[in-house]
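The two complexes that follow have chain A in common; it is paired with chain B in the first and with chain C in the second.
For the complex of A and B:
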């Protein structure tokens, strides 16, 4: 084994190396954390669909999402779906955005009018809503300071809080449940439902059932739960892609600036060493490798630190703010890794040029 | 002694047109194995340029440098570095040790560059440093070593690959008289016991004691030392034909390196004996 020259040079000025690693970690953390936040939003966005117990979701024709979407179906649609072979249960729901208020405090929710009061979602506290009652997502209940038994307002009506559910809120929105009949009355939309949640019989394949529903009931779009959730995620994806791209670019630019500055100043301070090594017979290519290895190691250490930090954030943030969930996906880690690689290449360019121009004869200059 | 180095019509120019400078010109020189050659001369005389070309660090403008049968002036950029690693050992005035490495690693890295690695390189580095009396400083950072210790580490690095030729640039300049003498002794030992040819560029007159030959480089050319005279005021060796001033006194000609020395001479003569 040879003398670990790159490592020795890198660690010789520990303060500078640590500053470089920290700066690069901060830049990559920006990329990782933002991706994780949006991934967390996506997860929470489909939490209701994922846990609703529905195998197929029937919506107005052309509609395959809930978020930022309106779907209107005749109430009889549920009856028509229920008799299709393979359907175990067809449950109509009303789904509208609403503002829930308690005193001065307000929160935006998707208000779901459901005859079952949100079943089969497990209840975290209290009970499912009866007439004149509402079941809130726990983080919203805490934010509104609306404990079970207190009253909140929606659409100008007062509701008594009957219970709480968990794990359905994101930083974008929350959900609340009332009886469908109650919401119908409040909205004055008798005879209209938003979606029909369909549970398939045990042996029935969901895509087949969805196709059968579309073939049997005119004017509807029937999607399996997975397809519906994917579409839902795409809605947020479309809304956030530009933001994520912008932040990746910002992270990249900051990373390049930090890594470039650190690498360049480190290289400048080592030019004499490079000249000596070249004089001793080190090939130019190996001298360049030495310079790039130091930059690469700094960026790699920054990347690892950024990963540790984002995982720490993912563990800690939900405790501080339950709606802020960070979901770290392999694809986003790969994106950060690509950004790190690009940072290394760009940041290494200038130092490499300097090292390439090192004149070994300069060792004799004083 | 057999000839190790043969230099023929060596020249190096810098710049073009009016700014063209002939740093070294028309140098012919042979160096024998085990010979110690001291190159002296005024600042700007071309000593460093000569040493850089001899060490394969600077391209020649014209001429040939044959070392052990290889004309290094004709070697390509890819061939020069490994040739340097195998053939030369460099000793610098400022030691030029790598501060990020320990004393042992500074020696080891030269071996690594020449293709030796692992235990063999480590053992060789330790053996050399022990031989040079710095065994108790193997793992010390360079900045914690004294000037004499640094120079011994630099010498160990220079001889690590058993080079045929050691090129030393002012090797005693940053050392006190004791360590300077120690360095001179080591260089002498290398040449006489190992058969290494040593070329020293220096202003240090003490190095004459160990040199087999002293060459005087001035204006890019070697001059015969016998033809040079000493400035009676500052003691510098100068070419009387090119001296800026000279004075005839008592049927004797005095040559000076500058008008200042001449004026001082005239002011003090004959009260001060030259």
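For the complex of A and C:
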């Protein structure tokens, strides 16, 4: 009958084993949580465009993003696009960052001037905005304490809140809708639109339609919704890549230190056990496997705990702060797994050296 | 004299296993450095977002309702400059254009803050590293760091919103993590936005002896349809706008890092205490009082916490310096306040971390020293 030595050694001091697992979980949680926060921002970044019903987005030449972006097209562009074969609908929108105020409370939004009042986005409450009205994202409405029927201010004008939409806000920004002509008036930008949202006829592929629009209308860039959304995600992705990498590195260092500490102190306290086992005939390689197995099991348990914690955070945080959305992606979990594997390998080095050098005769000395 | 004073047990126990001591210090230092770097990055972002404003006139005028310089639209007729200059106390009002520019460099979107200004007037680059200030349509001054990151130099051409912009100069001290600066004549910026004859803001220079707040209030009262704010007020609003969203995730990261540091210290002290329980039992049997044993654990935990924190502060300072030379677009501004806060917190870490080993010692039976 084989004796589960690694498990018994690991569980001999439960407190230490648990502390080690918690430490490694915390280090991996740093990696996972940060990735999930940025992924959540990215998802919300494209929420409007994903749900706008547009197959192709037409912008000023060279423009294929909305976030922190300026695009100005002549209003006639929408008319020119609408007559291109394959276009079912061409809807011009104005798109500007704006401050929405209610009393002393304020919030920055992307204000979208749309004749359809944000259709086909589903309305969470109320109705689409008419003239003199505004439709707010629900989290902003709650933050401003601006229920339907109340009034808010933007560009020095007063708007009545007509309705609410959901799921478009991130920790960076929110979205609100007004009639395009209303926004055109306050901005003094008659005859200018920001983007044209194009719905394709069912028979045509979006990439073909985008190419056809670019060939027919000068001075525009036409992108399919997927290409546009990918480009949007790159904006935040590129800005945060270095920070995420740095965080992964720190998570790795902390993970190695914690795992190394657990493994080292555990091995030291068990050095006499190893000597006994070696005196009983346990081969050096088997002793090393024992040491590595303990570290591997600690890191694996830490990894599982980190996953559980990040999933718990992803479930709890949006309830506490609706714009803080954590998106856990398979790729990010894989990164954490690679970090965990690397932690195991590096952390195992010290105790493995001690175990390899242990003298079986030492058990008989006292 | 007590045994504690004669024999430096705490120090000897820590030094008995140098590898473990180093690993513990590294772990605490990494956690501390992480906290300092994250809070420094957040502070640096705040400083960087107001980079342009910090170099401008003390009063700015925007469209009614304007509260921020960045992330908010403000459009006014450029002819308003004359009306502003007629307000008593105004020495000069200069229109500027301002917009985020999502440049496409190396096929990737790269964000910059594009300033449109009237050549020869305030609002342009304050320091040139090379080349000259833009004078004609389609000319551009780009931040030196942004240019070097993308292999651009004076004479390079850059396509933005369908227009060809020629780089005629590179500016220094205009780099920012999210918003490096670019400068072009206002006419060029207006053309790109199809908004001729407009300005986004007016930079207002007060006459000598006129306070910024007084002048802003006077402009607000005198001119309809505008909001006048002091530069400091706008800068504070921008900082809040950019930094506040990061507060919740940052707090979560800092909390995790603290938990890690406490765990590591606790783990190190607990394991050495547990391993030496026989020695402690002997000391107890020899008459060492319980309080002295607690002190022993406390001193070890405090030494690890303070030592790790000191190493962490040095690491963070070195990392901040390394980042500023290797990746100047990031500004990590580590404040004295955050260093003091983390050093104080280190003692709290030590206190929490020594709780479990102290309990172990309290329950230790002195008679166990004689058993085998």
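Operating definition for what follows: the second predicted complex is superposed on the first by the 365 of 366 C-alpha atoms of A that agree within 3 Å, B and C clash if a C-alpha of one lies under 4 Å from a C-alpha of the other, contacts with A are read in each partner's own complex, and residues count from 1 in each chain.
Following the convention adopted for this analysis, contacts are C-beta pairs under 8 Å (C-beta built on N, C-alpha and C of every residue); 3 or more make two chains touch, one makes a residue touch a chain.
Keep in mind it's a predicted model, so treat the numbers as computed, not measured.
Chemist: Could you tell me if A:283 is touching chain B, chain C, both of them or neither one (first, second, both, neither)?
Modeler: A:283 contacts chain B only, not chain C.
Chemist: Output check: A:150 vs chain B and chain C. Expected answer is one of first, second, both, neither. What do you get?
Modeler: Touch status of A:150: no partner.
Chemist: Answer with first, second, both or neither: which of chain B and chain C does A:89 touch in the superposed model?
Modeler: neither
Chemist: Answer with first, second, both or neither: which of chain B and chain C does A:116 touch in the superposed model?
Modeler: neither
Chemist: Quick one: chain B or chain C, who's touching more of chain A?
Modeler: Here the partner covering more residues of chain A is C.
Chemist: Touching A:20 in the superposition: chain B (first), chain C (second), both, neither?
Modeler: second
Chemist: After the superposition on A, what does A:273 contact: first (chain B), second (chain C), both or neither?
Modeler: The answer is first: A:273 touches chain B but not chain C.
Chemist: Common interface residues of chain A with chain B and chain C?
Modeler: none
Chemist: Can you check the complex and tell me which residues of chain A touch chain B?
Modeler: 1-3, 5, 8-9, 11-12, 272-273, 276-284, 359-361, 363-366
Chemist: Which residues of chain A touch chain C in the complex?
Modeler: Within the complex, chain A contacts chain C at residues 13, 15-16, 19-20, 22-23, 26-27, 29-30, 33-34, 37, 60-65, 68-74, 96-99, 101, 106, 108, 111, 153-157, 171-173, 187-189, 192, 219, 231, 234-235, 238-239, 242-243, 246-247, 250, 253-254, 257-258, 260-262, 264-266, 268-269, 313, 317, 321, 323-324, 350.
Chemist: What residues on chain B touch chain A, complex-wise?
Modeler: 48, 51-52, 55, 57-58, 77-78, 81-86, 90, 92-94, 96, 98-101, 105, 108-110, 112-114, 117-118, 121, 157, 169
Chemist: What does chain C use to touch chain A in their complex?
Modeler: Going through chain C, the ones touching chain A are 17, 19-20, 23-24, 26-27, 30-31, 33-34, 37, 41, 63-68, 71-73, 75, 77, 99-102, 104, 108-111, 159-162, 177-178, 192-195, 198, 225, 227, 241, 245-246, 248-249, 252-253, 256-257, 259-260, 263-264, 266-268, 270-272, 274-275, 327, 330, 356.
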